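Presented sequentially are two complexes of chain A, the first with chain B as partner and the second with chain C.
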Partner chain A sequence: MSDELAIHARGVTRIYKAKPSPVTALGGVDLDVQPGEYFGLLGPNGAGKTTLIKILTTLLLPTSGTAKIAGFDVVNETAKIRRVINMVAGGEQSGYGLLTLREQLWMFSQFYGLPNRDGWRRVDELIEITGLTEQRDQKVRTLSTGQRQKLNFARGLLNDPWVLFLDEPTLGLDVAAARDLREHTLAWKAAAPGRTLLLTTHYMVEAEQLCDRIAIVDRGKILALGTPEELRRRVQAESIFRLELDHLPHDGGIAAISDLPGVLSAVPADDDTSDGAASDRVALKVALADDSALTSVVTAVAERGSQLIGLAKSEPSLEDVFVELVGRGFGDEEEEAVS
Partner chain B sequence: MSAYGSAPASGPREAAEWSNRRIVAVNLRAIVGRAYPRVIGLTREPSWLFFEIFLPFLAVSAFVFVYRALGAPEAFVGFVVLGGAMTAFWLNVVWMMAAQFYWEKDQGNLELYFTAPMHLMSVLAGMAIGGLVMTSSRALAVIGIGSLLYGVSYDVHEPLALAAVFLLTMIPLYGMGMLFASLFLLWGREAFHLAQLLQEPIYFLGGVNFPLRALGPAVGLVMATLPLGVGLDAMRQLAFASSDTNGVLPVGTEIVILVAMGIVFLVAARLALGYLETLARREGRLTLRWQ
Partner chain C sequence: MTEGAAQVPGITLADSWRSFRTAIGLGWAIEANWSDPFLFAIYTMAKPLAAAMILVVMFQVITGGQGTEFLQFLIVGSALWNVVFGVMGGLVQSILEDRERYKMMKYVVVTPSSLFPFLLGRSVARVLTSLVAVVLTLAVGVVFLGVDLQLNLLLLVPATLIGVTAVVALGVFMAGWCLQLRQEAWSYPEAIAGALYLISGAIFPVDILPAFLHPVALASPTTWWLEASRRALVGHGAPGIDGQPGLFEVFSDGQIMLFLVISTAIAIPLALAAFRWFMRRAREAGLLDMTTGS
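Let's look at the complex of A and B:
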């Protein structure tokens, strides 16, 4: 069964020797990632994400537990694993500055055994699709941070890996460069079916945009695992909508909505900025048992003479999920670490 | 399939099955790949010409003037020019072999080497071959300029033997560099200081600037452990055959010592590398930039 999984981990722990006492970086991680799945590990600094990646990429032994990549054991079958994986880390300064971008990629292609001509062809293809054509003959040390990270991403695809590990790939990038990199990652997903991605990040948007499933990790443990939608459901079972009306229903007011079947509550929205003196416009926060109750709400509003001006679904962010699970936000963790 | 993907294998398990032939091919390509930056560096960093040819040549010149002022046999001028050329290889071994893994770790390259499918010995071999090619050009420059400027006359009776001794010297010399690459990392000290620690004693014990025999027969035992000393002594005997200054040991004996040292250093480098990888994976240090 585990042979069919792209990534399989059971009870993986990792304890680092440290003074005054050992540090538990991973405290028994269980994880199954399907082939073709894009999976995210979301957590703050020090959560154990990178340690897990180091173990899965054969750089580090687990203190206990088992982990497999495509059915190959990370302890005993490292050679086979290294033939089907690749890894890109954020802020990576790998390679040699005196080489041109094209030469650098070719050099790494040789480490994966690409025949010379195939290697150059693949390098040129990757340079083109990552938008680095203008910089192809530029020395690596002259590249910007964003260009450098695109180069690293291209390096990670040289051997067309079956499992690609991206460890904080957009760390330190500006908004545009980070977006570019995410777009390339999604393009790879579309173009190379069956490939698996394990992404670590502490950017919520990135995890949500790229990943089919996400595990929220903190202090070496997986706290929750599921699709972004499933995770949000953990902290907010009901569907919440923000309704903006030209005025409250004349017949029954808010109660006309809150008493409808499937409506759990209806209250003025916290962000209702309408000025009652100048206008009757009103914003309501309506909680529904599920989305299907929305039709009856909209119908009831119209039947009672109110006009629907705006409608938006209010969903908890992954950060809300994290705060709910951990009891603190990412920023709090970083502040703790600093202090 | 677009450029994003190119592997024809139907799945990862099939893709991971490599024939022995493919494994050999991958490692040979890795050697070429790792040698490439060093070879190409010849043309990319003109400043190196100043530091690695002109400055060593100044040191050679200083010894030439001292020997001439003292009225030493003219062969000594040839000895010091040859020694100056071989110095380039020693510097290359210390700074660009022994200290290299330490710097590769800082750059994040070591992680990528570990996770790539080639053997790390191929990386070391690539570093050595690239370094050898790069340094040979500098060594030849020192010999050429030194010989022309100071009128060194060589007396080579056995050119093939001289070439063979040179190659046999390079194997243990770079083998030692491959061994030190792992040891520097294992010791966890600043590579810069360790390299400096090794540099000067070898100038002395290797007899770079003087014939080792001048230190007495006991030194023969010491130099027998140093590839540079043994190789240089044998090369001097072969390059200046008519000189009345003998070597520490007969050339034949020194060739046997070089062969033995080549085997010992390469095997030791392989073992040290295996130990390094085991320790790196077990203790979680060495390959990790932040530790």
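Let's look at the complex of A and C:
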């Protein structure tokens, strides 16, 4: 029992009946999320992220495939799943405008079966955490978009879910509020072992900063899945460094570096602005088979009388990964369509 | 996290009861939210009264003021029908409002409380305001139109309890149906309520209906509820027409109640099953968070 996955999906598809033709929103998704993971779904508009969340939160039935939350089937064991999950979607104007914040939250605490007094305590605690203390007795309809979003987030934490689904939770929030919300999610997760989050987002930084693992989705398929680190490595297996020298080694020039063992290539960096005019300064892009080859490069440079002015590891960003994968995805499909 | 998985309970009766109670508060907050009490009064009282009066005037014009028996029939029927419109309208409106205006239905659905007790609770305020309209219409009938009230509480109380239950069951069916509909299609359920109004003997006796509609009328608990309520309020049921004995005159009060109980007992599981089926369909088609407006 204790080794149940938080989320387990196999071959999940979803086809919407739509005019003029059916839309395949999910084309066979396999996904395993461990208890305690902060998992990210990253993908362009229409990739199928919200559709997957709706299926996992029992709002929508899959067309085929199976999915389980904490071992419970999303099609048939909805009552059990609903006890252990919660969901927050961003970028919407939801709320019972006529109730006050406290009333709305309390109402949901009752739907989650919290005893009366615990309910009020939890409500006030969450109002405090989300920074809505000043608005607590205000009617929901008077809240700003961001305040509503915070309220929605507070509702999402009411039942201390095992698995919390966040669909673009920071959409429409200002920079500070978005940062607060990210921090709240991390703090909430850290407060008890096993708390699991599934986040969808368009913001690379958000995914990279929060998520233990990320799946990049497009057109209803998972194109890549791994830790942010692994994903970046997918795009670029070797390590690339940017070296800035006061001048090229007199003894051998660039070749003195590129011929070193462990060095795959050494070329002038694209962004080298030195022009050779005012100074001999030079920037090189050095590809190494392994980070450990860096020592011999630095030593060789020094031995040949050049001075190292700057050294930086140039990492591919998650964005590079995204662009490469999604870009390639589009290309493939177009080719298929043509052939 | 899943050591407790074996103990995660499904929906319990206590959950449903709590959700029901909580939703009553929400329904009340929404129902009573008339910034203007004058508008509230118009809506809950003047509207049903006006509807009843139009019928009465039409009747007076047609019959030239003859037949108080039929006048009583008319007033009681149109008074009670407020409950049907109130409950059905309330349930249908809850679905559409929560889904499309407040956009909260999906968040209610993903709680362990289930939509059903929530909806019931949400509509209680509507039931109560509609009962106010019933009492008011009857009162006007008694004071100004010579309705001769002969209360039989022993019959009235059970008939009202069972009758309102039956109406709620019908409302649940409508609400489930409404889950499938786009916002523009609100009027379908309203049309059903209207059809029921015509065949249940609310404003003219079932006897007048063409014979092929009689089985439909007799299967609907609303028909038996109206007949029982008339007997309990003014001492006699639907009158016959053209000197013929009325359709229900052969039945004793006890038999009428029995038919009310039976038809309600059939309607409830049917409505529940239909609601379940509609919910499932809504999940299949992705309608639980649909916004069809604008």
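Quick note on the criterion: the second predicted complex is superposed on the first by the 322 of 339 C-alpha atoms of A that agree within 3 Å, B and C clash if a C-alpha of one lies under 4 Å from a C-alpha of the other, contacts with A are read in each partner's own complex, and residues count from 1 in each chain.
Everything that follows uses one rule, which is that a contact is a pair of C-beta atoms (placed from the backbone, for glycine too) under 8 Å apart; a residue touches a chain by one contact, two chains touch by 3 or more.
Note that the coordinates shown come from a computational prediction; the quantities given were computed from them, not determined experimentally.
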Touched partner set for A:C211, first chain B, second chain C, both or neither: neither
Chain B versus chain C as contact partner of A:I129, first or second or both or neither: first
Touching partner for A:L99 - first (chain B), second (chain C), both, neither: both
Partner chain in contact with A:L59 - chain B first, chain C second, else both or neither: both
Partner chain in contact with A:G36 - chain B first, chain C second, else both or neither: second
Which superposed partner A:A191 touches (first chain B, second chain C, both, neither): first
Of chain B and chain C, the chain that contacts the larger number of chain A residues: B
Touching partner for A:Q110 - first (chain B), second (chain C), both, neither: both
Which of chain B and chain C A:L157 touches, first, second, both or neither: first
Interface residues of chain A shared between complexes with chain B and chain C: 3, 6, 16-17, 35, 54, 57-61, 70-72, 79-80, 82-87, 92-96, 98-99, 103, 107-108, 110-113, 159, 162, 194-195
Residues of chain C touching chain A in the complex: 1-3, 5-6, 8-11, 14-15, 18-19, 21-23, 25-26, 29-30, 33, 102-104, 106-114, 118, 280, 283-286, 288-289
Residue numbers on chain A that touch chain B, as the complex places them: 3, 6, 14, 16-17, 35, 51, 54, 57-61, 69-72, 79-87, 89, 92-96, 98-99, 103, 106-116, 122, 125-126, 128-129, 139, 157, 159-160, 162-163, 187-188, 191-192, 194-195
Chain B residues within the chain A interface of the complex: 1-7, 11-13, 15-18, 22, 25-26, 29-30, 32-34, 36-37, 40-41, 44-45, 107-109, 111-118, 123, 280-284, 287-288
Contact footprint of chain C on chain A as seen in their complex: 1-4, 6, 16-17, 35-36, 54, 57-61, 70-72, 77, 79-80, 82-87, 92-99, 103, 107-108, 110-113, 155, 159, 162, 193-196
